[in-house]
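Pasting a structure here, questions to come.
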Amino acid sequence: MTKQDVTTMIRAAKRESGKTWAEISAATGLSEVFVTSACLGMNSLLPDAAAKVVEFLGLPAEAATVLAEFPTKQFDKTVPTDPCIYRWYEITGVFGEAFKELVQEKFGDGIMSAIDFDMEIERVAHEKGDRVQVVMRGKFLPYKSW
Amino acid sequence: MTKQDVTTMIRAAKRESGKTWAEISAATGLSEVFVTSACLGMNSLLPDAAAKVVEFLGLPAEAATVLAEFPTKQFDKTVPTDPCIYRWYEITGVFGEAFKELVQEKFGDGIMSAIDFDMEIERVAHEKGDRVQVVMRGKFLPYKSW
Amino acid sequence: MTKQDVTTMIRAAKRESGKTWAEISAATGLSEVFVTSACLGMNSLLPDAAAKVVEFLGLPAEAATVLAEFPTKQFDKTVPTDPCIYRWYEITGVFGEAFKELVQEKFGDGIMSAIDFDMEIERVAHEKGDRVQVVMRGKFLPYKSW
Amino acid sequence: MTKQDVTTMIRAAKRESGKTWAEISAATGLSEVFVTSACLGMNSLLPDAAAKVVEFLGLPAEAATVLAEFPTKQFDKTVPTDPCIYRWYEITGVFGEAFKELVQEKFGDGIMSAIDFDMEIERVAHEKGDRVQVVMRGKFLPYKSW
Amino acid sequence: MTKQDVTTMIRAAKRESGKTWAEISAATGLSEVFVTSACLGMNSLLPDAAAKVVEFLGLPAEAATVLAEFPTKQFDKTVPTDPCIYRWYEITGVFGEAFKELVQEKFGDGIMSAIDFDMEIERVAHEKGDRVQVVMRGKFLPYKSW
Amino acid sequence: MTKQDVTTMIRAAKRESGKTWAEISAATGLSEVFVTSACLGMNSLLPDAAAKVVEFLGLPAEAATVLAEFPTKQFDKTVPTDPCIYRWYEITGVFGEAFKELVQEKFGDGIMSAIDFDMEIERVAHEKGDRVQVVMRGKFLPYKSW
Amino acid sequence: MTKQDVTTMIRAAKRESGKTWAEISAATGLSEVFVTSACLGMNSLLPDAAAKVVEFLGLPAEAATVLAEFPTKQFDKTVPTDPCIYRWYEITGVFGEAFKELVQEKFGDGIMSAIDFDMEIERVAHEKGDRVQVVMRGKFLPYKSW
Amino acid sequence: MTKQDVTTMIRAAKRESGKTWAEISAATGLSEVFVTSACLGMNSLLPDAAAKVVEFLGLPAEAATVLAEFPTKQFDKTVPTDPCIYRWYEITGVFGEAFKELVQEKFGDGIMSAIDFDMEIERVAHEKGDRVQVVMRGKFLPYKSW
Amino acid sequence: MTKQDVTTMIRAAKRESGKTWAEISAATGLSEVFVTSACLGMNSLLPDAAAKVVEFLGLPAEAATVLAEFPTKQFDKTVPTDPCIYRWYEITGVFGEAFKELVQEKFGDGIMSAIDFDMEIERVAHEKGDRVQVVMRGKFLPYKSW
Amino acid sequence: MTKQDVTTMIRAAKRESGKTWAEISAATGLSEVFVTSACLGMNSLLPDAAAKVVEFLGLPAEAATVLAEFPTKQFDKTVPTDPCIYRWYEITGVFGEAFKELVQEKFGDGIMSAIDFDMEIERVAHEKGDRVQVVMRGKFLPYKSW
């Protein structure tokens, strides 16, 4: 049983039960983004959280072991093709240098960690059409001389 | 005079005067991210804002015309190499599918716009090391049947 | 059952019954381009329309659920090889900059949406050989300062 | 003097004089899309039309010779990065197969020519925001047995 | 049954029966190049010709339906690796610009069609070693102003 | 002085004098395709022929030395973008395997040489529009056991 | 049964019997390099040699037919990753231009054939560690004017 | 003064003086392949040999310093386009796996070094056309357990 | 049974038994890095060591034969996507030239071997968070004149 | 004045003065690897260290400002071609997965930082030829649930 197998099981269980990512998040006490990414095979869950996902969705016990394994993160397309994901890639291209300028003006030479990192996604009401709001927070990691 | 020429002038003026992106932002009344991206040639400024940048940094008048022109957005590297920008690319790969799942669970089939879009970058104090906080907001654009 | 499975079923049903995309369009009340793209797995149908496709072609009920799911749009070839599709890619390359110049002259800095978008394809009689006519309409999305 | 030199001259003349592509189109009697693409170096003008462009914008006479030369069409980015052009590329990916299905259902095995081809771009008023309308017409070219 | 399945059947039938492409060409009255490309899945046969191929090689009747379907032309390698096919790619690179110069000197701005097109391959005796002779003929398609 | 410099000189001399590739061919006694490819820097001319080109076009003497040098053949685009050259690339993809099948049926395992090779391009009158005719002849090179 | 199937059979037979490429070479009277490359599916054997391989290794008779078929040479990685093969690729890059200079100084404008070609690989004793010796011989093919 | 500058000087000196790579080899006592690759900027010469090249060709003294510097080996094209160099790339693809099989059968698991390596290129007379002979020798480097 | 099959068996045996790479290393007397890489199919084990792995993990005997075979090293992604491996790729890019400068300052023109090579990975305690320590040692291989 | 300009100045000053990276390291009190990478434009120096480099090598004062600026790290070749750097890339491919297994066995799910990171390169005497020793140390960064 691979992480890909478990993702397929989770999608099937969601489709049949009508359960949502928000409910899986609530059942585990983890954030939506994190638990979703783990269910899609891009992060590992602690054994306890893995057990809760498996119980909540009625998956076989072995699935919890697999959810707790450390993944190898692979993304197939160098440039993503799905428009919803491509727009994020585009933001990287269009605003990447500005992001770097401002991070480094505020902190000095260094980067925002993508590991010690968290993210939230919310629906924000707006009169001209609701907006997707993404908040990302990553530890600043300074380059040091040595 | 091209947008690239103006970016070079702006960097030189910043280096000599010690002025910051935050100060340029304040001088124009625009957000830091937007004005920085425009100064780097990735967005156009309205004539009024362009004039303020030029005045604040002491650039030649033609630079305002160039800053107000509509850019062709080009990013050279399919996969960015600078670590500060690469981490964002990595986030796209690792969390892109989770982002899509959650946006579509909350809104239906569609995407977050990268055009009707804004972003802020802030330094957030944290006892284990300060964190970079990025907030992005984009209008949800639904796919429609026709 | 995946979207790819459903596309295979639809092709088989079309081959056996001789039904056309035009007839599927008529049966659903949706445009030919949209319903075809959804049957090929590139768009989602509303449940009602999905049910009509399934009924019209005599597919199993689960196929309607799958047609209504939100797809991940993937296109395999960075440069398409089929001549009928390549020509469109070529048009992007040859006329892309002119398109951008004219859109931005008529509307200001911004883009034509590919999401709030529709398209029609028609056969237009012509004495020197009939012509394919494509009409595309997309909402203009302006870049805004913030 | 190369086509690229002439494009630079045309852009400079437009910037100084405030003349538009629409006016260049009117001055030559050619469509906006065609004359713009020729001014950007992607098509050749007949000598007469080239002379009109040169006269209208006040360019040196040699520019007319260059505008009339047959170009080698080069586009630098396999996947375009500017959002206004990328969206067209995305349409190719998302709707390319549907386009092929419908062209071939209406005409038989063959393609839409990208050479015996014309295109118009217009602003269409719409209560929820004006729309870009693109009309493309290309001769159907059938594959033949031999 | 896909075009790839039919190609596999045709290769097996040829191997067992010892029948050649030349004989398949004779049985259908079509040229060798065209009928071979159709048997390899790169072109469609008219129903009548498809029936003749199927009869001549003793294939199941459904194969004729598949041979008559309109293919999606896919070639896997951007740069072909087989030496026999690579040499043609090399000719494109080495002589492509000269080809363009001469076509355009003889005809004006335009291209040789790859759709309204035919090709023959023959063995030509030569004292220093026989030669492969390829004759290609494609309609000249002029670029037009509009 | 490089081959690229000489090509630029040749283009300039042609533009000013109105001389054609056909006339350069006649002046040297070489075929149009070969002499054009050599003038574009893709083949070397024997010193005698190089001298004739230089004399016919009124180029400096050093240009003859350069035309006689052995070139390094470079083609920049893995997939050509100009439509006139792309169509040839497309033919390689669509008919490459059929070409291989027929060459090897007629000759055995081996290839058509791209070195011991010649090509002619002619305009062939046709009632439905004149056609470009290309004839290529290359020595068959058999693979041998050893 | 494909060439790939036969290669798998040959590897299995070698593993079980302990027979070497050197012994297969001796059994057929062909060189090691050639017979190995044919067993790996990159060259065709004459029917007689194919029969000897099949007999020597105890393969089914059909394998001889497959070994005698003309292969389509495919190599998957544009840049090879196995160090033993990569080093050869590196030699192409580092010494390719020097090779070209010397071949053309010794022979005139032309190339070394990779078709009318043979190669031997030997172990050469050396006090500081034995060396791999590769001897390649290919017919010089001159470019000719025409 | 860069290695590229020195290569340009060497080519110019060769062209004017008619001196050959063979003569440069003789003047330095180094092999043709090595000295040519160093003159093309792909290897470093010991100071003494560098001085001899400079003296033999009448180059400025600084050129000797540059020839003795350690190069960064760069090759621009992932797949070489010049036919003389491409054929070597093709040999890597076609015979690479056979080479690996035989090296490892004769020596065990390991590779042929491309660093402790030498190569010779010779013209070998042959009644059916002279042949290029390449002899390469590289130290066998075994993989070791640790 | 392929190397990939054996890797799958080893992962399964580890998961069920809870045995670690450190214990497999101890059971064979080989270093952790080497034995892990061999178990992942990237190196060959000597028959004795292969037998110990098989015994320690309770695998079928044939697995030892496979572990002792010489692998073809393949890595799928030109740019690795997993963050843990990507960081190493990034180090190559950021520090590669500095590495080359220092190796060549200390040793002369040449390289660090990746074949006659060993590596250790250790956990080093540190008050601000433990650190990964990697020690690599490779024989210096000098370029030689010849 | 760019970082590239300063690197050129540093190389020139080193060549003329014979000063080494080791001496630059000693003059600044920084490690060889770090100071070399900063001089090559891949890291920033603190103002004090930058001043010491400039003084030690006799560069203009502006060079210190440039050395202290935060670089954008760019590496041109996706796969490095210089053998000294390529070998490191190869190690990433061959040992990357083993590295990941062992880091994660010793620390849990996470990565070795390439930012909070240092490296040393030393010459280690060895009877069979001296060895390059590289020691890298990077902080372990755990993935956390959130």
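Should a chain be cited, it is by its letter among A, B, C, D, E, F, G, H, I and J, assigned in written order, with residues numbered from 1 in that chain.
By our rule, a contact is a pair of C-beta atoms (placed from the backbone, for glycine too) under 8 Å apart; a residue touches a chain by one contact, two chains touch by 3 or more.
Everything quoted here is computed from the prediction, not taken from an experiment.
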Pair of chains joined by more contacts [C-beta pairs], H-J or F-G: F-G
Which listed pair, A-C, F-G or E-H, duplicates the contacts of B-J in over half of its pairs: A-C
Whole-Å gap between the CA centroids of chain H and chain I: 32
Length of the line joining the C-alpha centres of chain D and chain J, rounded to whole Å: 48
Intercentroid distance (Cα basis), chain G paired with chain E, Å: 30
Contacts with two or more other chains, residues of chain F listed in rising order: 43, 72-73, 75, 78-79, 81-83, 90, 93-94, 97, 100, 104, 110-111, 113-115
Pairs of chains in contact (touch as defined earlier), listed by label: A-B, A-C, A-D, A-I, A-J, B-C, B-D, B-I, B-J, C-D, C-E, C-F, D-E, D-F, E-F, E-G, E-H, F-G, F-H, G-H, G-I, G-J, H-I, H-J, I-J
Contacting residues of chain G [partner chain I, same complex]: 15, 77, 79, 81-83
Residue ranges of chain I in contact with chain J within the complex: 20-22, 32-33, 36-37, 40, 42-43, 73, 75, 78-80, 82-85, 87-107, 110-114, 117, 119, 121-124, 126, 128-140
Contacting residues of chain G [partner chain F, same complex]: 30-31, 34, 43-46, 49, 70, 72, 97, 100, 104, 108-111, 113, 115-116, 118, 141-146
Residue ranges of chain D touching chain F (in the complex, touch as defined): 65, 72-75, 78, 114-115
Footprint of chain H on chain E - complex, ascending: 79, 81, 83, 86, 90, 93-94
